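Presented below is the structure to which this report refers.
Chain lettering (A, B, C and D) follows the sequence in which the chains are written, and residue indices restart at 1 in each chain.
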Amino acid sequence: MRVAVQEEAFDLGAEANAFAAGDDANGAIVTFTGVVRDLASGDLDVMEIEHYPGMTERALTKIAQEAKDRWSLGDVLVIHRHGRLAAGDRIMMVATAAPHRKDAFEAAEYLMDYLKSRAPFWKKEVTNTGAEWVAAKDEDEDALTRW
Amino acid sequence: MDVLYFAWVRERIGLPKEKVDTQAATVNDLVAELSAREDRYAAAFSDLSALRVALDQELSDFDASLIGVREVAFFPPMTGG
Amino acid sequence: MRVAVQEEAFDLGAEANAFAAGDDANGAIVTFTGVVRDLASGDLDVMEIEHYPGMTERALTKIAQEAKDRWSLGDVLVIHRHGRLAAGDRIMMVATAAPHRKDAFEAAEYLMDYLKSRAPFWKKEVTNTGAEWVAAKDEDEDALTRW
Amino acid sequence: MDVLYFAWVRERIGLPKEKVDTQAATVNDLVAELSAREDRYAAAFSDLSALRVALDQELSDFDASLIGVREVAFFPPMTGG
């Protein structure tokens, strides 16, 4: 299990290959990667991601551990960036390895749902007309009721 | 006690962190104390349903006790991922 | 949309990076990778995968197209190998790119569920005591009722 | 008409593909015709619930018509992924 909170970019392919190179008892590997979307208006200059150093690592580790306790998983990876990102940049990724695909998929979705609403990150969109904090979506909070 | 602010709470109050001397028993008491200080606090805390609080880096509630707590953080709902 | 049926190994990391390099309207990228598991007994020599040339490509393309029709997806990738594989080798991968994570996850699970039971591949496990065709699991057929 | 066999069906019948001259109207008729030929066919087709059939590379059913069909394939349930 690895949790990384970092400003630097990460290489999705290198991370996926390294993660999948583990234990051959795991027949199923799922990755989820979040990418900074350009706004509908197409004028996103930068996405700023603020976080709460200390609590962030603690919250992500707790979420990853809960996933490991709940599903039969061989391994879990969580990487989340903070700082300034541009459209197309990769914000974060999670990966799960499991003997069976259902566990790998469910655990990855669980990680994402909790990470969205329970890890202390805040996004701000900076455009040529100003800067705005991204509002939390009710649907993200509602997603937790599934688990 | 260290009090931290993030995202628009930080911007509205105008600082990321401060030391607060308080006898407040609960988070709600602390919020009332801070709000009474200056308008910028009152503005930031005007709608608690739009805020979250963490005590010693664990999510908590506004009616939680502050006994033994060293670090309180206020912030809007999280938007990671 | 790309569907590949091939004997050669594929590079998960390179495929994931190339896939994710597309359109920045897609905020969510999901990959699933299937790995040859070693048997509990630990004596798998080789996994042989037979397929039905012609029908395989057709079936995978149909499944991928159905996923695109059903969810809001920017892109879909399906790669499936045939021939001889060893424990730890990557058998197949699917990838989905979507504006929203729910679509990317659901479509990837749909692809996997249909690919398991509707694409003409058959696995045979060769061990030091003989060779045996892998039996289809009821749970794989049952998984289709979800959709 | 081309008739193809895969996986253990191929092994049991002993060949991957053959040309069959038939007037069979349905897949079931073709199965009966082949089973009457030799034991190895009868053995392969003894439990149709363990088999699947594709007509011109599309999954189909044993009661489907063979009119216009050029390629019939018999195989066990698929185990890809």
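The criterion applied here is as follows: a residue touches a chain if its C-beta (ideal position, glycine included) is under 8 Å from a C-beta of that chain, and two chains touch if they have at least 3 such contacts.
Everything numeric in this text was worked out from a predicted model, so none of it was measured.
Trainee: Apart from chain A, how do the chains cluster through contacts, with nothing moved?
Mentor: Apart from chain A, the chains cluster as B | C, D.
Trainee: In whole angstrom, how far does the Cα centroid of chain A sit from the Cα centroid of chain D?
Mentor: It comes to 48 Å between the two C-alpha centres.
Trainee: What is the distance, in whole Å, between the centres of chain A and chain B, each centre taken as the mean of its C-alpha atoms?
Mentor: 26
Trainee: Please compute the C-alpha centroid of chain B, do the same for chain D, then give the distance between them in whole Å.
Mentor: Taking the mean C-alpha position of each chain, the two centres sit 72 Å apart.
Trainee: What are the residues of chain A that contact at least two other chains?
Mentor: 34, 101, 112, in rising order.
Trainee: What are the residues of chain B that contact at least two other chains?
Mentor: Residues 81.
Trainee: Once you've mapped the touching chain pairs, tell me: line, ring, star, complete or other?
Mentor: Topology of touching chains reads as a line.
Trainee: So which chains actually touch one another? I want all the pairs, not just one.
Mentor: All touching pairs, sorted by chain label, are A-B, A-C, C-D.
Trainee: Provide the residue numbers of chain A that touch chain B in the complex, in ascending order.
Mentor: Chain A residues touching chain B: 34, 49-52, 54-55, 58-59, 80, 91-92, 112, 115-124, 133-136, 141.
Trainee: Under the touch definition given earlier, write down the residues of chain A that touch chain C in their complex.
Mentor: 11-17, 20, 24-38, 87-88, 90, 99, 101, 104-105, 108-109, 112
Trainee: Where on chain D does chain C make contact in their complex?
Mentor: 4, 6-8, 10, 54, 57-59, 73, 75-81
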